[in-house]
Amino acid sequence: MKAIVKYISSIFSALKTLFKGMAVTGHYISHPKEIITQQYPENRETLKMFDMFRGEVVLTHSESNEHRCTGCSACEVACPNGTIEIINKRIEMPDGKKKKVIDKFVYHLSMCTFCNLCILSCPTDAIKMSQDFEHAVFDRSQLTKVLNKPASKLMEGVR
Amino acid sequence: MAETATNTNTGKPLETQEYFINMGPQHPSTHGVLRLMLTLEGETIHNVEPHLGYIHRSIEKMCEKDTYAQIIHLTDRMDYLSSHMNNEAVSLAVEQGLEVEMPERVKVIRTIISELTRLSSHQLWWGVFGMDLGAITSFLYGFRDREMIIDIFEETCGARLTMNYNVPGGLMFDIHPNFQKRTKAFVEHFRQKLPEYDQLLTGNVIFEMRTKGIGILSKEDAISFGVTGPTGRASGFSNDVRKHNPYSAYPQVEFNEVLREEGDSYARYKVRIQEMWESMSIIEQLIENIPEGDYKVKTKAVIKLPKGEYYQKVETARGEFGVYIISEGGKSPYRLKFRSPGFSNLSALNHMAKGVKIADLVVIMSTLDLVIPDIDR
Amino acid sequence: MNIYDFKSLTDSIHTSLSVNLSPSAVTIIEFIIIAFAFMMLFTLLGLILVYAERKIAAFFQLRLGPMRVGKWGIAQTAADAIKLILKEPLVTKNADKFLFNLAPFIIILSTFMALGAMPFAKGLHALDFDIGILYLTAVSSLGVIGILIAGWSSDNKYSLIGAMRSGAQVVSYELSVGLSLLTVVVLAGSLQFSEIIASQEAGWWIFRGHIPALIAFTIFMIAGTAETNRGPFDLPEAESELTAGFHTEYSGLKFAFFFLAEFVNMFIIAGIGATVFLGGWMPFHIGNWEGFNRIMDFIPSLFWFFGKVAFLIFLMMWFKWTFPRLRIDQLLRLEWKYLLPINLVNILFMAFIVLMGWHF
């Protein structure tokens, strides 16, 4: 007799636990406000990444097309996997002295791990991380970028 | 049983063969590229042989050419679910070599973020565990709560998963002004949502049938296999590094080491759920008054460790993570060895899975909480 | 009586055809019409149920579900169907090609045969056997042969395990489905669907049959879910254990057949449940409240049937998206140690109630 009571009560307690679980899912289906989905391409306008978010490395340029990179290669050294390549050239200054400036600041986005070490190592705060995260392109070669804009110059007073 | 059946033509007993199955490297419940070679009889497992190497990136070798600051971002990519703790281990080991003492602020922030990482890892594990059992809904509920933590990381550390927030000598940046507010809001939110986890899965009769008494690991076996973390603690093996070798701000906080005696899958599940409560209480103790001060101590641009050997272990979400550095005095280590928790935990799999069904193997693997890149560095 | 009767429609079709044609030609034309109607119903059911499943699952899981194709993703399943049709039908190298191609058709066939005996509305009933329930339960479990063939022929070890699980599962749960339906047959006194529905005019059996009817309904829902291989009993597929179980190796249209058959099977089980326990197309009647019953009759019988079916399907989806999966031995233990003995006692109980005339 005891066994039968135990058998039947075990069925009811089992059903009770099942209903408990169904109550949780039932709660959520009846509360559509709890939905967490974000409709991504549609919410581009309102979607703003956090300030600290590390999207990609950019070389900041002023309005007069001047950057702050002296070509010291500190970032190139700090980078763990050769993402950054600095190609320098020597130009002749008006006073006849030769000066080293950057020719190309090559950035391989496909290799970057976004570790932020280059930004920390830069002595002149020339580079920073942008919040852009839409990196998808159709051709891998487009991921190799030259960060200094054409005809850009070193900002006055940065050395 | 097939052993008694005879061939009707010859009268000889039929030959039986063990059923051999490759589970993985591509399989939904190996959570990565782990390959298990199963020998079955019907649905009963005779032998499980894990094969590694599908995601080997030779991280330890790469560390030998990198500087100490560069090594840290590689550890993100081992156990990506407890990346902050991995970073912390390397940072602590290097700081140990440099003999610098961290400011209180750094210690407290590191501890808070470590506990947040542990919470997010356990939340993901809970969701995935439900999914492995066939209750797919839990996956999304786990991710909903994890998303709040990930947002905190993104705002303060700049990345969602591979944060790289520690540097030898402190932190990469100071915390974001919103950090405290957001973290408090999260803890408040999650204190309400965690009972829901219990309601959905823990008490469920099917869930209890699937986990209770499955994959039992005794305390002796746990110790001899070197099983650490929640998996070991579910077998009664007290191994919490935060208690036994406290680091960062753990000496200041009060928390319980969650221990259970059963050693089955249900115990491992309960230990992790309970650890989430403990983590929240640790965060609550620290978040109110983060001490003022520097977020970083001044170190040389290129760190050189004095000649010698350094070992530091931390408690990640999976168990004891150790970093062993041999320095020859240069800017990069002569040899660096990681003791990853997942590797030792996986070694107990065959022992636990003998004689259970295929469905139980999935449960056991899930309760070991394997992260394959952690096992296969 | 119900004011919306499809009998006048079907009769008028029959008489207008009979005017010019010989009786055998009329029969053939009627066969074709019915076959066409069922094919349309099959695809429509598949499309709607797949969409409903995806949306409902999404709302259980705090998601939105398909949102891209059409407003609210309404054309998503149609787009998926086109994709599946265009996909290459792959066959594994060592597969038994004949059986491999045969399996989806056996499954489809069994669902079609079951659909044929389904009473959709008053007078809308292709086959009204005197052994309707027996026929339906027999035919709806034919699908397991297709699953076994699929698992055996696709030369995949996971498929084979899935198929064997399915065999054990369907054979066991067939008993419970049959016995729980018998409980109501005891009440209704007939195996014919039209008579079972007619007997529920004064109220559905689930309300009139006391506790035994409720128990039988619960068991039917559990066993029915198990028979359609749906979660928490989706062991033959069990994606976390067997990748996709018996249909791992199928692609394209043949996979679509398995996929559709699962959903249409769900409809069939819900349809049987609705007919036997919830009065089929019979509106909600309470004893002899003439006015109330009259108002209920204004809702067409087609709506009553599909509404009840939708409710039962929603219940089955609720189970699937809440519960973890059982293990194979636990699945069989549930059947043989719980459902079957309870069912047997329940039938006796019900027979006793009917004997004493205690039901309403």
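Should a chain be cited, it is by its letter among A, B and C, assigned in written order, with residues numbered from 1 in that chain.
Rule of thumb we're sticking to: a contact is a pair of C-beta atoms (placed from the backbone, for glycine too) under 8 Å apart; a residue touches a chain by one contact, two chains touch by 3 or more.
Computed from a predicted structure; not experimentally measured.
**Student:** Counting C-beta pairs in contact, which comes out ahead: B-C or A-C?
**Tutor:** Answer to which pair has more contacts is B-C.
**Student:** Taking each chain's centre as the average of its Cα atoms, which is closest to the average over all protein Cα atoms shown?
**Tutor:** B
**Student:** Averaging over Cα atoms per chain, report the distance between subunit A and subunit B in Å.
**Tutor:** 25
**Student:** Centroid from C-alpha atoms only, then distance subunit A to subunit C, rounded to Å. What do you get?
**Tutor:** 50
**Student:** Roughly how far is subunit B from subunit C, going centre to centre by Cα mean, in whole Å?
**Tutor:** 44
**Student:** Scan subunit C for residues touching two or more other chains and write them down.
**Tutor:** 60-63, 321-323, in rising order.
**Student:** Residues of subunit B touching 2+ other chains?
**Tutor:** 137, 140, 144, 200-201, 204, 206
**Student:** Spell out, as numbers or ranges, the residues of subunit A touching 2 or more other chains.
**Tutor:** Only 18, 21, 24-25, 36 qualify.
**Student:** Mind listing the subunit A positions that touch subunit C in their complex?
**Tutor:** 11, 18, 21-22, 24-26, 28-29, 32, 34-37, 39
**Student:** Flag every residue of subunit B that touches subunit C in the complex, lowest number first.
**Tutor:** Touching subunit C from subunit B are residues 19-21, 27-29, 43, 130-137, 139-141, 144, 200-201, 204, 206-207, 209-210, 357-360, 362.
**Student:** Mind listing the subunit A positions that touch subunit B in their complex?
**Tutor:** 13-14, 17-18, 20-21, 23-25, 36, 49-54, 78, 80, 113-117, 120-121, 129
**Student:** Enumerate the contact residues on subunit B facing subunit A in the complex.
**Tutor:** For this pair, the touching residues of subunit B are 66, 69-70, 72-74, 77, 137, 140, 144, 147, 151, 154-159, 162, 164, 167, 172-173, 176, 196, 199-201, 203-206, 301.
**Student:** Give every residue of subunit C touching subunit B within the complex, in rising order.
**Tutor:** Within the complex, subunit C contacts subunit B at residues 57, 60-63, 157-158, 161, 165, 231-232, 234-235, 238-243, 321-330.
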